[in-house]
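Questions regarding the structure given below will be posed in turn.
As written, the chain order gives the labels A, B, C and D, with residue 1 at the start of each chain.
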Amino acid sequence: MKKSALFTVLFFVLSVLFLPGGAMAADTIKLGLVTPMSTGDFRSGKINVQTVELAVEELNAKGGILGKKVEVVTADDEGKPAAGVIAIKRMIASEKVSAVVGLWHSSVAVAQAKVAIQSQVPIMLHYSWTDDLTAGHSDYVYRVGPFNAEIAQLALPYMKKNFKNIAIMYETNAFGTGFAKYLEKIAKAAGLTVYSIGYPQEATDLKPQLLQLKAKSPKPELLVIAAVYEATNLIPKQSYEIGLSPEMQILCSWDWPTYPAFQEILGDKGVGVTYATFESDKLKLSPLGEKFKKAYKAKYKMDPPVFALFLYDEVMILAETMERIKSSDPKDVAAGLKDTKFQGTTGLITFERKEEPGPIWNQWTGHQLFINKLTAVEGKEYKREEIYP
Amino acid sequence: MKRNEIIVAVIMIVAGLIAPWVLPSVWTTIVSIFCYYAILTIGWNIIFGYTGLFSYGHVAFPAIGGYTSALLAEHIGLPPLLGLLAGGLAAGLMGVLIGLLILRVRGFYLCLVTWAFAEVVNVVIKAEHEITGGTGGFLAPSYVSGPNAELVGYFIGLGLMTLAFVVSAILYHSRWGLYLFAVRDDIDAAESMGVKTRFWKVFGFTAGCAWAGVAGAFYAHYFNLVDPSIGGLDEMGKVCLIVIIGGLGTVYGPILGSFFVVIVAELLRGWMGGYSLLIFATIMILAVRFVRGGFMEIIQVVSPHLKNKYLALIGK
Amino acid sequence: MLLELIIRGITIGLVYALMGVGLALLNGVMRIINFAHGEFYMIGGYMAYYSMAVAGLPFYLAVPSAIAITFILGAVVEKLLLSPIHTQEIEKPMDYALIMTFALLLFFRQLAIKIFGPFRHKPPDYIPFDVHILGVKITGNEMLAGIVSLLLVLGLALFIKKSWRGRGWRATTLSRKGAKINGVDIGKESWISCGVACALAGAAGALVAPIFTLSPTIGGSPLVKSYEVMAIGGLGSIAGALVAGLMLGVTETLGAFYISSAYKDAIGFLMMAFFLLFRPQGLFGQK
Amino acid sequence: MLNIENLNVFYDGLQALYSLTLEIQEEEFVCILGPNGAGKSTLLQTIAGMLVPGQGTITFKNRPIHGLAAHKVASLGLALVPEEGWLFGQMSVQENLLMGAYPKTARSTIKRQMDFVFDLFPILEERKKQQEETLSGGERQMLAVGRGLMSNPEMLMLDEPSLGLAPLVVKDILSALVRINQEEKTTIVLTEQNIFHALKISQRGYLLENGKIAMQGDSKVLLGNEHIKKNYLGI
């Protein structure tokens, strides 16, 4: 019996050893796309995949980069840090990509960034908001998208104008905690009363936290929700159920109320909810942006969300950089990105660096924030209205 | 330790040393995951397979080990290699405490108490997010910095896994192992024969927990991250699955099970798609229903036939 | 505020009790613990959702159909997978059941992810208006869940107390051999009681579906709560489960408010561990 | 009424009964005697369906019942009063008795049987609402006998009902058995270590030794037997 076990183990070990090796370096340039595809915010992940595919099609139609075909390699990070780390390791180690884009959930991206920095492969972030990502001042982390401190800064005037007492409920992860801490700091400095309550992201019964808010005096007039997961829909619902809303207005820190699940869960109680977004009809697109929007709509039968614009910019910036430095080696690309001057979809993209410790490092800061309100239900959708700026 | 086990250990080391140079480099990551689960489940096998204590809170201990090591590295700059030791120690100490506490209970009361413990650990990690980083996890440094970090981490994992295997094999054949089995098989008889059952219960539990702590610390520094999901219910499911399909209470069980759940799953990744956990759950149900000895039992049943065939082939 | 907290605690406590009695029943008759209990809650919720959203049934038919489906599923699971515990000689029936039901938990959860998808769903509100109890506003859904849970728990208690079958179940709990020689067919009663236990979990899931909404992984929390309820109330005790459910609901709500909302889930676990370690017979069980 | 032929039973891997053959007629009062470990309990439990015989046949009213599950045997009118009682601790005395009438065939005569039990053991009526756990040893044994009677059985098997009880209580129980046998015409099979009492009240007896029938015959004859006198009665 012992011997047979031995044989089995031996067999397995050998079977692993004689696995076919990875594909040898080919004459393509590989671009890594690591994004949630099965769990987590996989709907956004799907848009990320579509966007990158569209951008790469365009590049290849124009003859690729440096005369080589561009290939996208995708991996699913499941919206979980551990799976995300494995996915990006797989990408960097076995696929030998020149750069990685598409990272999504902040807490996942923080861990993934560590791997990328260690492996000296550049990553570009288009919609992961935590300040920590660029606050580490790494040469391998670039961000076209917005970040928490910037968003809090942009939203503060709106809060200051309309409210005196605000409450923040946040997920206790890199994204939520970072946003809440920064907003609390600047809101207090601006003279507002701030209550902030954290909760684990998988919580589904948030009434205890909401009841604590209900008992506060003075009563909070606005609840800011910094969340990604389920609770995004559950907090407004439960706030209504315990009679805290509609007196207390709700401001979602990003535009998930436009997702279908929000309507299914809140129904007509969703009317009155406000949300921050970078999406607006007033958002000025450059000619490149208009072109991308048209191509995206033609291919996928819907308007691209704003983060798709940033991601598209990133792919184009990478292509432009590689052409400029005549290299697709990850290290060279990382160095070359610094000098980017790219006329992007929403404006001229350059990467700023501010020496004192802070999130502005290889960071573009030219974003515009809008605040929308859901005003009525129309069939399966809400009517929205822009209330700020 | 039997000769075969020594051979297996040697093969594991040799194969592990060669692997990074012949396999695509992504395999170092996968084999490292394999090492994590193997160490973790060797621990659980000692607790449940050897000593018969159905601990349902085993995954709390890698969390304890991982956070201990990561926090020490962050705040007092403890080198990760010592962190492995610290993680094992912390988990082991907690194991002694819980082990003493569960002396009072048997059967599924024990299962529920250990489960409660694991969940409380999880709640604490999430609640104290200022210290632990909440659900997003806590970053931990690599064993060494620079481009070789990956490889060094891999070898450390390989070494730890082999060590855990060797220790559990020695324990299996030793007098101490006999005491553990006596506690598992008939505690009253063991007691009447003068075995200090209370001591051996705590011993078995602590030994398993300490290995789990080491596994957690290894994981934290290898992936540079420790997050509450390593202490979750799904992970406990994986631990059960690995040991059950590998063969509960056997020396090779955890290794075979981890091989199956991590490496075979990776090989069949394209084929199984997102269904791997579903497939494994089905296998586990069938295994528990029909072959309670798990994979090891199948080998035992099949191997004489294979051996005969093999002997016939070589003309003996 | 205290009144509001207590009323909310009682409402949720009644649902906890409903989950707990199912488990207590199963533990009593079959002497096993079922880790897949929460998954039947999840399935019950989805069945109610699909009955309403897809088949277009009104809620007073959707909830019973969810109950019926979970009953059948529970009975089938018992027949196919758990029956070896009492039909064959298994060395460690408890361990067998632990591992088997845990495998079932993983199986149902993964299957649900594949079938129901990872999106959150919510059936339409059962009772689409709010009610005021002693000046506290609660939703019609919560009131319905509380009342129906209470009725089901009391109904089960009455059934166990008064009916022949219920008495047989109780007898089986107290002495398996005694029940056998008095004519209780344990094989048959096992699948019936397993079905009933699962149906109670399904009922709980269907009732709270519009309150907490549905996702494939919602089974975890109610599983935990039902074990806490069962351990506090005493294994196999229906009355204990009712009182323990209420106690847990109220303590949790108060604790979350006055002590720390982040530690809300630890409260129940600490209570459970305390009872298991220092009063294993629970609130009402005798040694 | 009950025929056992060539019965071999194994218990925990060891043979407990060897080719046992015995026959019990209707309305008889038969006692099965023997020292501890002779196989008396095994025999009764095998008849009741709690143990599966290795070989041999058991027929009850011309119907083979070997290998039949216990709950089915119970509904045929064959009741067992086991040695340890197997009573239901946290149920009241009344509920324990009701459980005796669990088989559907027995439910129509509950009232009558309950009255008969209370007539036999008036103390049980007094304690009707009390939980079984609160009873004394003697009361418990009465309850066990009472529960056995509740199904209005044609044959009642009792496994050492006098074990560990005070002499006065033993007398009460044994005289109740005689009443059951005479008034209800119920066949009674009684195992006893207390051979003297058993032979006094029964009509026929079997002596079991090491899983085999060592002796059988009329109770009075057995009472006078030298072997029994010497080994069991201490005369």
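By our rule, contacts are C-beta pairs under 8 Å (C-beta built on N, C-alpha and C of every residue); 3 or more make two chains touch, one makes a residue touch a chain.
Note that the coordinates shown come from a computational prediction; the quantities given were computed from them, not determined experimentally.
Please report the smallest number of touch steps linking chain A to chain D.
Each step joins two touching chains, and the minimum needed here is 2.
Mind listing the chains that sit against chain B and also against chain C?
Common neighbours, chain B/chain C: A.
What are the two chains with the top count of C-beta contact pairs?
So the chains sharing the most C-beta contacts are A-B.
Of the other chains, whose C-alpha centre is the longest way from the centre of chain D?
Most remote chain from chain D, centroid-wise, comes out as A.
How many angstrom lie between the CA centroids of chain B and chain D, rounded to a whole number?
54
Return the distance between the CA-based centres of chain A and chain C, expressed in whole Å.
Averaging C-alpha atoms per chain gives centres 39 Å apart.
Quick one: report the Å distance separating chain A from chain B, using the average Cα coordinate of each chain.
Once rounded, the distance between the two centres reads 35 Å.
Scan chain D for residues touching two or more other chains and write them down.
none
Of all the residues in chain B, which ones touch at least 2 other chains?
126-127, 274 - these are the residues of chain B that touch more than one other chain.
Any chance you could list the residues of chain C touching two or more other chains?
262 - these are the residues of chain C that touch more than one other chain.
Taking chains as nodes and touches as edges, what kind of graph is this: line, ring, star, complete or other?
other
Could you list each pair of chains that touch, in label order?
In this structure, the chains touch in these pairs: A-B, A-C, B-C, C-D.
Considering the complex alone, what residue numbers of chain D touch chain C?
Against chain C, the touching part of chain D is residues 48-50, 69-75, 79-80, 82, 85-91, 95, 98-100, 102-103, 106-107, 133, 147, 151.
What residues on chain B touch chain A, complex-wise?
2, 4-5, 7-8, 11-12, 15, 18-19, 22-29, 33, 126-127, 129, 133-137, 139, 142, 145-147, 149-150, 223-225, 227-230, 252, 255-256, 259, 263, 267, 274, 296, 299-300, 302-304, 306-307
Can you name the residues of chain A that touch chain B in the complex?
1-10, 12-14, 16-17, 19, 21-22, 38, 80-82, 85-86, 89-90, 93-94, 106-107, 110-111, 114-115, 118-120, 171-175, 177, 198, 200-202
Once bound in the complex, which stretches of chain C touch chain B?
Interface residues on chain C, with respect to chain B: 33, 81, 84, 94-96, 98-100, 102-107, 110-111, 114, 220, 224, 227, 231, 260, 262-263, 265-266, 269-270, 272-273, 276-278, 280.
Which residues of chain A touch chain C in their complex?
38-39, 42, 197-200, 202, 204-205, 207-209, 211-212, 214-215, 230, 233-234, 237, 241-243, 261, 264-265, 267
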